Amino acid sequence: MPILSLHEVTKAFGGLVAVNRATFSVEPGSIHGLIGPNGAGKTTLFSLITGFYRPTMGRVELDGEDITRLSTSARARKGLVRTFQGTVLFSDLTVEENIANGMLAESSSPWTDWLFESPASRSSRQERAAAIMDYARLSDLRNVGAKDLSHGQQRVLGIAIALAAKPRLLLLDEPFTGMTASEKNRLAEMLRRIREDGATIVLVEHDMRTVMRLCDVITVLNFGSVLTEGTPEQVRRHPEVMAAYLGSAA
Amino acid sequence: MQFLVETVLNSAMASASTALVVVGLALIFGVMRIENFAHGELYMVGAYATWLFGTSFGAGYWVGFAAAILVTAVLGAAIEILLLRRLRNNPMGALIVTIGVLLILQTGAAWFFGINSNLLVDAPVSGVLSLGGFNMPWHRIVVIAAAVLILTALTVILRTTKFGWALRAVAQDKDAANLQGISIGRISMSAMALSAALAGAAGSLMAPIVRISPFMGQPVIITAFIVIILGGIGSMEGAIVAAVIYSTFFTFVSVYFDTTIANVAGLCLMLAVLIVKPSGLMGKAQKV
Amino acid sequence: MTTTLAIAACAVPFVAGDYYTSFATEIAITVLMLSSYRIVVLTGEWSFAHVVLQGAGAYTAAIMVKDHGASFPISLVAGSIVAAAIAAVLSMPLLKMRGFYFLMGTFAAAEAIRLLWRKFTYFGGTRGFSGISAPYFDFGGVQIDFGRSANYYFLTLAVVAACLVLLWRLERSRLGKVWKTIEQQDVLAQSVGIDTRRYRRIAFVIAAAFAGIAGVLLAYAFGSVTPNRFSLNFALYLMIWAIVGGTRTFFGVIVGGIVLMAFDESLRFAEQLRPGVYGVILILVMLFWPQGLERLIGWTGLYGRGVSKAAPVSSEGGA
Amino acid sequence: MSRINLHLTRRQALVGAVATTSALAMPSVLRAANKIVKVGALAPLTGDLALWGIPAKNGAEVWANQVNKTGGINVKGERYDVQVVSFDGAYVAEKTLQGARAFVDQDVKYTMVIGGDDWSALQDFSNRNKMLTSTLYVSDLNPTSKYLLAPVEVHPFYFGLGVEYLRKVEPNLKTAALCAQDDITGRTSLAYWRAGFDAHGFEIVSDAYFDNSTTDFAPIVSSMLQAKPDTVCIDTTYPSVALLLVEQLFTQGYKGRILHAGLELLPDMVARTSKEFMEGSIAFFPRFDDPNINASANGFSDAAGFYKQFEKQFPKQWNNTSWEFPGCLEVWKQGVETAGTFEPDDLLASLKANPPKHIFGAARWWGKELFGIDNALVGNWPIVAVKNGSVEIVEIGDQAAWFEAHKAIVEKRFREEKLMPDQKR
């Protein structure tokens, strides 16, 4: 049973049809790539999945449950967490505080816990924050302000915040753009570890080489509709993909 | 029937003067992203200037009208240069400064002209247009005509002149406009002067009709804020349409019921629009 | 900071005459209004309804005392609940709006309520209520007549202090952290599962509950409740004191508020010119000491919310 | 870019400013041979209602200077100079109560308020501190307002006389239209006007309040004229609002009688309409710039002189309240000088024992039936009518007698507007 499935999802802004009857599904535990030339509708589709936009037509399902009408935060509480293209962080706070904020939405049973946090739940949250920090190799930057991190470190912190929200399905919005080669390798390594811990990843990305190396399945979008879908090799050899990308490094 | 025609004309006049005030407010918000709480007081200064130059110095209404536009324009420009320019990246600070200006202008008017003084401005075109039992003072028709004239002139300026393009560019995207060499300072100052002049003109046109007092600006600014919300902030066209809708609605309710009910109904209309469309009729939709 | 404030506060009735003691009571009530108003500001929104919600508490107290002969504690709870209930109902439509739209939405709702108070004789019309008898404590041989302004001042101080402790706890709780995340990064907060509208509504309702308490304190302090006391002017001045005082820190808004109120009072000799002089001072403070406002600069463009605030990091950051 | 951090934090700067200005606030000590007695003007000095408050305060100061020049107040041989202290109540009951507390702290012996909306908060405080106070609205009186007097004007009691006079001179008038601003003043007086019109056989065809923030009065007048009234009563609207209403009546072709409380801006009304249009309009206040004002207002020492002095000191700031606060002081002065003390209880007893004269002559304490307490100083009151562009006293009527004759109707109309003492919230 796929963790995420889209059925005839369409989004039109006035006359312009940004996403046209997109239908595909994502298997649990996989790293699923979503690629396409600029203007192919990747970002709009991403926003449709995260709930930032409501589709004009069609259905989005998470574990078979229709979440088309759910708000972004409701989807996040169901395990569908996204990161941002830019470096959207709590820039005035430290790394540790940023990650702690990721856990705030966790629904603790007694509402009194909201007001007077029991020491037990506080220590468990601190432990999880520490775990995530060394997971993302940010432990030694614990007390550094988010705005003082390097670009690469800020992107990793963005993912760490998403991890704090206990995602079952993690949506990454062009995580590799603007990273150095070594940063890319370390990030790819981190994503594989996240997948091994049971999360599913959907990756919207331009960087073809990384996508081809990292993803199990790739869906190719062109002019708002699904061009093809398959393993990296199948997709690389597909004639229309070559045409659509016209000489980008295959 | 005659009563209906009178009410329609009265609401047209109310729409005209409200539109003048609200367009000025929308212009300022569009260009400088602040709500000018002292806009009502510029309306008041326009009325006082018309009395001072037109009646007290005896130079006649139209001289007073021109003086009102000049005085308010200069005052608007001065407020921008001396005060608002230093607070460009501090919208809340600018808001407080406009409230400071509001307090100063009100207290100044009460001090110089006396709290109790009864200033009378005679309408330029006296007499009454009476058609079979229905009579409407000519000046009210002059107000409608003048407002339509000014607003068309404004749209022409904004659409065709270089200054108009620069103004709209800054309203669209301040940084992009800056990159093209448009001096934000000059544009903000002239936008503030233009906005103040519009309020001054409205004050001057209404001077023969309403009570000139240091606090005449208060109901005007409250109505202006309600209308600018209805029309959607920053959109000039929205402001004019909303001014007509609100003033007509308000006048009819206050005639068929009473003005307190009209006030409550006006507020509920505003809330209703905001509930349906949280960014006003023509405001730019923004993710909530 | 707390100790200096506490000592100064307790000394007032022994030093000041009847006028300044009751003025200190009014300051204490306004401090509660400013601190509870800060809860709404914590979520990044400014409201014009806070003073009318205080009025709702005051009117509830007046009705409870005059029609049902309720005692002080009962009307305190009733006032708080009614104000919170009204805020909960208002928040349904209001919280769809942001920035300046929200500000004007709250103005419309507040002014409509106030006009209804003036219109219906059940609320006493334009004259409102008068003759609200002062609270009287008589238990185990101890009688305290809170009609005397010094006694009532201490009663107000006790209630306000208790509320401030609660507000302090609230801000440090997880609820407080959620509010701050919503203010700093609304879209990021949503992406990690925080339903921002729901928590903004909780903030609006909790702030109203405290405003209700302040309203009940005000009703007993003056023994009367009139619609003019909750007009736009008072809402504007509350906002001015919050902005100029600075809402960044818990004590900033309190000390800032007290200083500005004392300042406004010291200008009383200027009589007719008082508002004008106050306007000049507002401008000077804004032009030369905006420090307290730097956090508010984040409220860019009033509705460009959620714009990324991350300052681009300097390029030489190590790998 | 490092922020310019001034060593002064914001709090230190503001606290410094507070210290300097409050030093300035110390009241300057008066060099005077006589001892000082303080009287308080507790009225709005800022905001819309300052148009009543400031002229009242100024009038009180002019009166005090005149009294001090002629030797001040003689209390059992001791001479006191009168010092007027003021406090801006901004027409908000709670602020006005703060003023009352300030006056008690400064040992003010007699307080004057405008009354109406801003009295409700003072009641308990005035009883608790025996604060002798005067108000301009008799409707503030209630069974427990022991130390509150309505010594000058018993607005709206003279309106009954006005309608009676109108019926006498114009027997054929049938219908009446009423309008007033939506506050306690408007409600109280409109209730009395209705009683008057009921008592004298008028049919009320239009009756509406308008909000204080109304700026354009054309719609209000057109809706009134739709009912084709042959009498229009614009009650106690503010002077400049009355002018706009009269101008609209003229423009919209109204041909009947106009009734207003004061017609303060009559010269401007005539300028904006015409002498013929204003002819026969009825009001209740002779003008202080009327040459024979001294004859009619004999209760007020040298009314014409007072007006001239006021115009000299406060040019073009005159309003009805400018003589009403002095009227209150005049009654208080007479009481103090006969009782020989400032002590409230003795002074009240003496005042009640021998009622002083009020502005239009002899008067008596009254008000029990309607307000539950005899604290209103009621005497005869003039009715003025416009003759050839200026007002002339056409009749002096007895307000109390008119009330006695139409008590039932008045109580019915007051009960409708919830103004009876037992209906007060």
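Every chain is named by a letter (A, B, C and D) in the order it is written, and numbering of its residues begins at 1.
Just so it is clear, contacts are C-beta pairs under 8 Å (C-beta built on N, C-alpha and C of every residue); 3 or more make two chains touch, one makes a residue touch a chain.
Per UniProt, the chains are B, C = Branched-chain amino acid ABC transporter permease; D = Peripla_BP_6 domain-containing protein.
Just so it is clear, the model here is predicted, and its values are computed rather than measured.
Once subunit C is left out, the chains joined by touching break up into A | B, D. The most distant chain from subunit A, with centres taken as the mean of CA atoms, is D. Centrality by C-alpha centroid: the chain sitting nearest the overall protein C-alpha mean is C.
Between the chain pairs B-D and B-C, more C-beta pairs are in contact across B-C.
Chain centres here are Cα means. That of subunit A falls 49 Å from that of subunit B. With centres set at the average Cα position, the gap from subunit B to subunit D is 35 Å. Here the spacing of subunit A and subunit D, counted between their Cα centres, is 73 Å.
Averaging C-alpha coordinates per chain places the centre of subunit B 32 Å away from that of subunit C. Across the assembly, subunit A contributes no residue in contact with two or more other chains.
Within subunit B, the positions touching two or more other chains are listed as 107, 110, 115, 222, 260, 263, 287. Across the assembly, subunit D contributes 46-47, 50, 54, 182 as residues in contact with two or more other chains.
Contact topology of the protein chains: irregular, matching none of line, ring, star or complete. Chain pairs that touch one another, listed by label: A-C, B-C, B-D, C-D.
Of all the residues in subunit C, the ones that touch subunit D in their complex are 17-19, 22-23, 26, 62, 66, 118, 121, 123-131, 133, 147, 149, 218, 221-224, 226, 228-229, 231, 233, 246, 255-256, 259-260, 262-263, 266-269, 271-272, 274-275, 281, 285, 288-289, 291-292.
Partner subunit A is touched in their complex by these residues of subunit C: 169-170, 173-175, 177-178, 181, 184-185, 187-196, 308-311, 313, 317-319.
Every residue of subunit D that touches subunit C in the complex is listed here, in rising order: 3, 5-6, 8-11, 13-15, 17-18, 21-22, 24-25, 45-47, 50, 54, 86-88, 91-94, 97-98, 101-102, 104-105, 116-118, 120-121, 123-125, 128, 144, 182-184, 187, 418, 423-425. Subunit C meets subunit B in the complex at residues 93, 96-98, 100-101, 104-105, 107-109, 111-112, 115-116, 118-119, 187, 197, 232, 236, 240, 243-244, 272-283, 286-287, 290, 293, 296-297, 299-306.
Chain contact summary for the complex, subunit B toward subunit D: residues 3, 6-7, 10, 13-14, 107, 110, 114-118, 120, 128, 130, 133, 135, 137, 140, 206, 209-213, 215-216, 218-220, 222, 251, 254-256, 258-260, 262-263.
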